[in-house]
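The structure's right below; bear with me while I get my questions together.
The first chain written gets the first letter, and so on, giving A, B, C and D; residue counts start at 1 in each chain.
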């Protein structure tokens, strides 16, 4: 399984409030043509927390035929309970996922000490029919995994270095935030899951290639070019912003599911300007 | 529907990892005999986030026969999506709930502005076959509703007063945290949902009665007596602590579901001491 | 020393960037006529952190002749070092302060464990020629004293009750935040230091009197009337807002010292409206 | 003025509670022999917040003769008021400082909007007789400067890149946290102010040299070696830890000033172990 690439965390497309399966196919086909290493479905950007189990299964099934066998179909399966996460991993695997990504349980975070979190991940890894990718997204889950557990992270250079020092050699560390992608790669990341890769897959692949080739000045310049629009589609305007940017770039984005709100027109203008600046 | 009473937020009992339906019956029977105003199932203390939909339905069904018609069976139905919350409210109502309690969506909190939150609650209230109780538990959800929406809250006296001033006359405000119950009642609360009421229902009813009767010195003294053990079964030792205290008091508590962890023996000793101090 | 009253935390008046000693006299004279129990100078609202030592001394000296001997002149003397705090307490006492108020050191808060904080307060209390009032203002200092040390606090009803239970009988607890004043008094406070008392001394004294007389419904109603404008002159518009409200009420407020900024005109209009609503 | 080097933020040595001027001389002499680019006095690690003005002046005067003219003597002069900061800058310059470092005012942070912060820095820069270095230390001051103002920062790679993109070409960005030094240098920093440079000046200079020479693999390996002990003398054991490490390395550290507490013996053992690991 080759994780040394860039993966887009697919937003879930809706039509009239229901899943839009054809849009899934269209978007993934384009990403594969652009050369991305596969796709992550049912992640945070996939509005996984807003979907029911049956919808989740259909999304994996809809994605599978469009991800070539030499690429990787990764499905988010994190739930609040260990039992629920194990069940979701089994369902995702049987629907065709190559690997599962397990976010940290967060609802009862004050009541889950580090040892319990380790037990959670271990139980899931033991039970899952496919490999488990660990996931660290502090802004959303409010829990930062300690360094001997994690496999992906934020923009903190020091944290990346800790992780690289702590994980076994065979681990691939994936950068999980575009603004910190280049420094993450300096610190040991060898791939990335980046929201902006849904919109600008080529530039993201180029950033990874430059950093891995030791062409630091070019990588830094490209990072500086990517950062403003990458922020707009994440911390700036959230999932609605990412979907709006996809619409602008010819993908099928659309609106998020309530209580998330559609993108305001001036936010779309703002994103259009940033997208233009990053690509011209 | 009489909400001017005290309600226990029922922890969900498990046996061998599965629901223990008989323990639900036993606990609720005792609480009704003790005079509590009904019961809240599927709340935060009910480990609702760790249960699947089918289990949630069975809990409401199991509780229904044991809650007399002049008391109130309240079911927590909050989900991250508006759609999911509406579906859960419909299922809870058809399983027998008299009212539903809707916690604030929290996973995408940065992406749900106040107007979207208001729209969420309005959509749920419009669709629900039974009355909707609003719910405000900042420590868990990370979102504090603005005063024109809320109906229950924390230990902050000023926030209670805001709420009392903001909601229509017909609203009943329920205190949601035992350490702030007395000051909440001073500020306008006329009932309460208190974890410690699962263990010490009589003292909680007495506190409400004293405060409502204007016997402030006695109410304050009782509050001071209740606070240490009330803290132990919430912020101190969490759901495992509440279940442990129930076991000590003759109820059926047991262990929580992973990744929550069983109570350590010294924590149980600690709770035993505090329980003794509050009742002797 | 009678602390069972309401005390205004005097803002420091400036003229052309320097101390305006005559404005100090004017304001204190009016507060004493209104019946307040004394005055607090050099507190957070007094911009103490923006003053040098020589200015601090002159403020205490300027205030002294205008505070009758049966009232209390309290001076804030908290510094980051124990040594500096002791020196400031000695200077304040020799300039005429009846008591000193010691805020929690905050700059190195991560490096001052509870025992070191206790040692700090003990050393200051041992060295001070006048009584030391403990002070707890978490929003500014970022440190919440544990219950066996504190003497004044926020809006949290539960925290007031803890404090009342923890401190020796002879302690007077002063409410330190107007929106939580009534619930604080329910929970055991017998006096208050309230920014809004600089503007509306009579209503603040009335609130204390009603609460202490057990006239809870009237106290609650008055609290609800005071809260909006009390918020505006603290969390809403800060020290500039408090000074602006004083100007509106006939006191001598003026502008704060940079980097604090003068009040914007629309903020002043907002405060005028709230002041009118609270008093009509 | 050559800032493209590593600077130690000198802890202030005390003897019997008073300044130890001879220890200042000894430490700076050794750092200059080790090749560091100068020294920063009166910074956060210098316990500046615990010193009075007269002591501050004496420290600059004591340092001056030991910093060669081709190195840089930098003095921290940040105060809470603009007026106080300007006065401190003038005093530091007349005592011999080559440049002043201005931390962000933090006590009233909620009341100082970005424009007021910019006005503060501009006023100080206009008035200062020597160049002003901007300073950004979010953990202590709680305020993060916006990118168009800052000149030094934390471990966040993305923030470094923002800064490098925002500041004029002539600015030198200094890394301010050892664990993020290497990624900061990847992102554009060309020098550093590092607490661990007080203890291990040679390794810090080597890290900067490797990163600037594009020898990334060696720089990353050295960073991984430095990080554990660098954390111990900052976030781990604070100023007492830094002083303890200096004592172990043959410098003159000693105890901090109360309310900071002396290093516990087991903490010293811990630091000794980490120091050994970093250097063997």
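Basically, a residue touches a chain if its C-beta (ideal position, glycine included) is under 8 Å from a C-beta of that chain, and two chains touch if they have at least 3 such contacts.
As the structure is a computational prediction, the values presented were derived from the model and not from experiment.
Q: Quickly list, by label, the chains bordering both chain A and chain C.
A: B, D
Q: If you average the CA coordinates per chain, which chain's centre is most distant from that of chain B?
A: The chain lying farthest from chain B is D.
Q: Using mean C-alpha positions as chain centres, tell me how far chain B is from chain D in Å, no decimals.
A: Distance between chain centres: 50 Å.
Q: Could you please state the distance in Å, as a whole number, between where the Cα atoms of chain A are centred and where those of chain B are centred?
A: 35
Q: Residues of chain C touching 2+ other chains?
A: Residues of chain C touching two or more partner chains: there are none.
Q: Hey, which chains are touching each other here?
A: Final set of chain pairs in contact is A-B, A-D, B-C, C-D.
Q: Within their complex, state which residues of chain B touch chain C.
A: 155-162, 164-165, 177, 179-180, 182-184, 186-188, 214, 216, 220, 223-224, 227
Q: Using the touch definition from the top, list the residues of chain B that touch chain A in their complex.
A: It comes out as residues 17, 49-52, 80-84, 87, 105-108, 110-113, 115-117, 119-120, 123, 139-140, 142, 235, 238-240, 257-261.
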